[in-house]
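Both complexes shown next keep chain A, but they swap its partner, so chain B is in the first and chain C is in the second.
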Partner chain A sequence: MTQGRLILSETGRIVMAAIFALAVTLVIIFFASKTPWATFETFVTSPLSSKRTIGIWIDDSVKLALAGLAFSLVFQARQFALGVQGQVYIGGLFATLVAFSPLGTTWIALPAGILAAMIGGAVIGFIPGYAKSKLGANEIVSSLMLNYIAYDVCNYVLRVYLASLESGLTTSASFPPQSIYPAFIPRTRVDFGIVVALATTLVVWFLLYRTAWGLKLRLTGHNARFAAYSGIRSSFIMVSAMTAAGAIGGLLGAVFVQGTAYGKLSIGFEAGMAFEGILITIVARNRPLAIPFVALGYGYLRQGAALMNYRADVPAEVIGIVQGIVILLVASSFTVPGKAMLARLMGNRTAASRATS
Partner chain B sequence: MTPFLQAIGIDKTYPGGVHANQGIDLSVARSTVHAVVGENGAGKSTLMKILFGVEQPNAGEIRLEGNPIVLPSPRAAIAAGIGMVFQHFSLVPSFTVAENVVLGGEPRAGLKLDRKKASDTVRELAERFRLPVDVDVPVEQLPVGQQQRVEILKALYRDARLLILDEPTAVLAPQEVVELFAAVRSLTSQGRTILFIAHKLPEVLEISDTISVMRGGKMVGTVAAKDATEKSLARMMVGRDVALKINRAAPGIPHTHLCRISDLTVKNDHGLNAVSDVNLILRTGEIVGIAGVEGNGQSELFDAIGGLRPIASGSVELGKTDITHISVLERRAAGMANIPEDRIATGSAGGATVAENIVATELTDTRFVRHGLLDLKSIRAHAVKLIEKFSVRVQGPESAIGTLSGGNMQKVVVARELSSEPSLLLVSHPTRGVDLGATEFIWQNIAKARDAGAAVLLTSADLSEILALADRMIVLYRGRIVAAFVNSEEVTPEVLGSYMLGFAEQSAEERNAALA
Partner chain C sequence: MNEIIATILSATFVAAVIRTTTPILFASLGGLLSDLVGSLNVALEGIMLIGALTAVIVSAHAPWYIGVLAGLAAGGLLGAVMALFHLRFKADIILVGFAINIIAAGGTVTVLTYATGGDKGTSINIPSKAVPALDLSFLGNIPAIGPFLREVLSGHSYLTWLAAFMVYAIWYFLYRTPEGLRFRAVGEYPPAAEAAGIAPNRLRTYGLIASGCLAGLGGAQLAMFSFVGFTRDMTAGRGFIALGAVLLGRRHPIGTMIAAVLFGFFEALSIALPGILKWMPGELIHTIPFVVTVLALMLSSRRKVTA
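Then we have the complex of A and B:
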């Protein structure tokens, strides 16, 4: 299959999944809402309803994309390290430390904060990789445990050293203005984070598809035994992939705290978004260039669901169910039985037999 | 008399556009052995998958005992009395033979499995059909030949009246083939019908009553086995005369010692000795064949020399380099290349492109990688060159290697390994599941590498392959060299077979005469 046709068919599949998600959402809204059509309209159109909501959508997409990129690197190497959340907290903490240091009020504040965050994240990414290659520790378990440690270390430092009294000990003071991203559109969240996300997308793509390291990483992911047989040091590739992904996770931490949305460190600032990166990269099939688009699409649904909560008579719990179903549908349409099911629903038997062959 | 099974006008086009079966007619008489032969990609497997309900035909009809049937799934096929034994077994390794056989249709005692009844039923079944196997042993402890029997028993337990065997002899030693054929004959004499997929022609001629030949998705013809010869079948399969004959290394070329394997001991995955105290010298311009029933240390020996398994003791020298403990990359730099036994599990990365698979072993070469960056142009050009040179049938270097047929995938692996012009070439089962045309081609290229001065170490489950290619042969039994020969007319599969099964062992003098 040519590259062009592949992109077309993959895009078609994603669009199909999105349409199914919308249909299921509609059904649920019919049960939950007294004014289902109006509620559904809110769900579908509200993210575009104002400059502010558009800004939130874009800002969320930036963060989802970065989380997706971090996961795509480890997933392409077929390492199931799930430590992005921990990397975000450590990255956020390190960026905060830089912001409150003497550097924080100079022009170097932003790059220095980003660099510190990436180093912090890289260390958090490196640990499970090293433990796996030297000790045989399962990276899923060790990375998940590190998430708790990182989260609590971040909270500890925040409460003991950084918390401002006005906030009831849940956030730090605001960063000096030199340590906060310039907003591209005033009074929205559209800021320098976009540049960071797009640049990271290109860097990850370049690393994966234009460098020998990336080729080794992908070959290791496709077939680790083949990699070993070819003379690729797969344990080095594994550890370095986790470390690089950790740096991106740390970078995301910096984008959170330095972004106009926060401009400070607060408890639980990441709000579970890091894990949604898994969904983004699965839907994008770990292809870095597809990730921003998937992040925008998913970010939109996510934003629509959240606004439906505020503006319509659908309680928050229903939103959670809708989100879960959206995730389930989109993700399951990428599995073999999912594809067959989708094809059968479409009345397309040839596609069904292809999926099972 | 109505045939037991009839396929009429079966047509199958895969969504990718491959027209795998084109109006196939097949008629299988009751209580006979009917062989379907053909090259890889001829459409045999597709036809069998249709008959077993795995694939659905686009057109055509299947009749069982004259009645049209539809087989939407393997479950329906099993219910209709059709069983299939695939090349890759689907057994639960830690379960016993009886448990594997009854799995899915267990005799129960209340809510629990009635173990005794299961064992008794399976034992009875095994005796009735001459498939002797110890029913209370975990399957993982059985040799491949017996695992195959378990698969056959599974189908018989579900009362299969038609048994489809997909290349059943590919994994067996000569004596095991004899046992399998005895079982097949006992099955047909008890009214069962066998559909036999194969491409080793001597075996097909020996066991079958009727032979159907497929080529390029079409049925070329059906002949009675007694009227067919190996040559006539090969011509039908390939469409031209095939010369499966390889010239021996030309005499008079000096063979210098290249690779010295001394007291080599290698452990298997369970920490037991898989290879014990092997001493062997490989010389330039010479092919050494290693014969043995699968699981007698060949894999471990090749993995150890290839750098994929640690060497417990002993040493391997390549030229002046001690390669005992160095990495795969360093071994390859020292001149080693390796055509592995499993092209899918070891020899390729299925999801990656053909070009990426070809360059994977050359990532230190400045032609392809400079300052850590890939030179995509030259990687592509290199792949195109090898694709042409080895006439690999593929859309282009950007196709995923996993989409290629077995023969073409193997050609890519062989092309990659030979392109480095190795001085030591490890070759395991180079033509397993590869069609005749590609086999001819691969053999010629291995011989070419030998003539260019490479020392080749070859192993194959197909003894005729070793006999055709090797200049010297050794037999491994339980990880030890029990016999060594200089290839000559006197060395036959039967001679090798008796050493392979451990019935005989050469004296040290006899062995050393051929090992020196």
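Then we have the complex of A and C:
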């Protein structure tokens, strides 16, 4: 397949996924809302209703893209490490510690905070990888357990060392201004996070498609046995992929706390967003360059659902149902029935049976 | 330290362990059945959550056992959906499982909002019922150990006894019936099973449905005993811990039970500790079951690693 055809077919897939998402949402709204059409209109149009909501949409998309990139690295290697949430909390915590250290008021505050967050996240990513390669511990369970542990540790440090009566017991004080991203458009959440997300996208793409490490990683993911026969040390690839993904998860934590949306550490600041990276990377078929677009599209729906919660009678949590159903549909290669039908119309029996099998 | 040991050895603590183990045991037995036929069920967490909410809502309008059955049925249905997407539509089982978890997290809150008329946190205004406790206080009449037995065994949910029976039933099924042999064969080496005329996908479907039913029961127990009602994310990782118990239990019902009791023990400990170790921060006590699960997996896993 040429580059152009590939882009076209992938775009088609993403558009199909979006149509699925809208259709599923419409069905749910019809069940749930007393005024379904008005609610659906709110869902579809409200993210564009003001400068502020557009800003939130962009900011959410930045975070979703980073979460998707973190998952894409491990999924490309067919490792189901699901520890992005924990990495976000530890990354956010480390970035916070840097912000409140003497460094926090200097020009080096942002890079130092990001670096600390990435190291913290990388450690959290490394643990399940190492445990799997050296001890045979299943990475799914150990990474999920680390999510809970990281969440509790972050809350502990926040409650005991960072929160105060003035700041409110569930948040830290605001970061010094040098530790908060500059806003590109005043009084919106459109800030330096965009640069971070785009740069990370390019770096991940480069690592996966332009380095020997990336080739080995993708080979391991496609066919672990073939990779092993050709002399690739799959355990090294496994651990390094999980560690690198952990660094991105940590980076996302820094983007959360250093961004203009927060500019401080709060309990549960991630609000379940890390797991939404699974949807992003599945729809983008783990291709880094597609991830920002998918994130923008899904971020829009997500923002629509949140506003629907305030302006109509359907709770924002319906987005979870939409999300899950879209993952189910996309993961089960939803083009297959259409292909089979097309083949049957063309009178090609064997192709039809192959497509359905 | 002595205080902790005294607590652990007390009859009330043993009874607490039995209570905390029950939901995990149900879910991990379910996980065992699907793992045996080759599909790791990562959706235990979400299925428990949906089972719990279904049981709560149905039990508000029906007797408690109908509520429990509804939780079981909801779980079985989800297992069937997983089988459909995984076996028929060839989606990866881990992704299918996680999609179910995501649907459960959002879907239960959505349904709860409508069921309570706007409350997104708890089902406090739904008059849901509890599973009755089985009264075995006559055990106290046995000389010497009687009072201890009564403290430990009396007053547990009917479902606790069902869970214990299920360990035996699943063992009997797997090791004493022809269908159980086929079940194990599919998990060990699918091509051999296929050559012997066993359709792996049929058994995988049964495995996933059974696993959903058991996880649904676990959810029902969680929401209908000791704490009655549903709260947002009330499973709080128990389904994932149960998955850990499956991996730890060496694909055997007894092993799975031992692992489930181990995790139940640490959960009970994390509930009891704040009263004893007042200096220890609650957040860190709360991590105990998760830390233990990771450590147990690291120290015990001897499975061959494939990338």
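One rule holds in what follows: the second predicted complex is superposed on the first by the 308 of 357 C-alpha atoms of A that agree within 3 Å, B and C clash if a C-alpha of one lies under 4 Å from a C-alpha of the other, contacts with A are read in each partner's own complex, and residues count from 1 in each chain.
Going forward, a residue touches a chain if its C-beta (ideal position, glycine included) is under 8 Å from a C-beta of that chain, and two chains touch if they have at least 3 such contacts.
This structure is a prediction, so every number in the text was calculated from the model and none was measured.
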Partner chain(s) touched by A:Arg187 [first = chain B, second = chain C, both, neither]: neither
Which of chain B and chain C A:Ala228 touches, first, second, both or neither: both
Partner chain in contact with A:Leu82 - chain B first, chain C second, else both or neither: second
First, second, both or neither for A:Val141, with chain B first and chain C second: second
First, second, both or neither for A:Asn155, with chain B first and chain C second: second
Chain B versus chain C as contact partner of A:Leu328, first or second or both or neither: second
Residue contacts on chain A - larger count, chain B or chain C: C
Chain B versus chain C as contact partner of A:Arg52, first or second or both or neither: neither
Common ground on chain A, meaning residues reached by chain C in one complex and by chain B in the other: 227-228
Residue ranges of chain A touching chain C (in the complex, touch as defined): 32, 77-80, 82, 127, 131-133, 135-138, 140-142, 144-146, 148-149, 152-153, 155-156, 159-160, 220, 224, 227-228, 234-235, 237-238, 272, 275, 278-279, 282, 315, 317-321, 323-325, 327-328, 331-333, 336
Footprint of chain A on chain B - complex, ascending: 14-16, 55-56, 306, 308, 327-329, 331-332, 338, 340, 345-352, 356, 359-361, 363, 369, 372-374, 376, 398
Chain B-touching residues of chain A, taken from the complex the two chains share: 1, 3, 210-213, 215-216, 218-219, 222-223, 225-233, 349-351, 353-354, 357
Of chain C, residues touching chain A in the complex: 40, 42, 85, 89-92, 94-96, 98-107, 109-110, 113-114, 120, 237, 240-241, 243-244, 247, 281, 283-284, 286-287, 290-291, 293-294, 297-299, 301-307
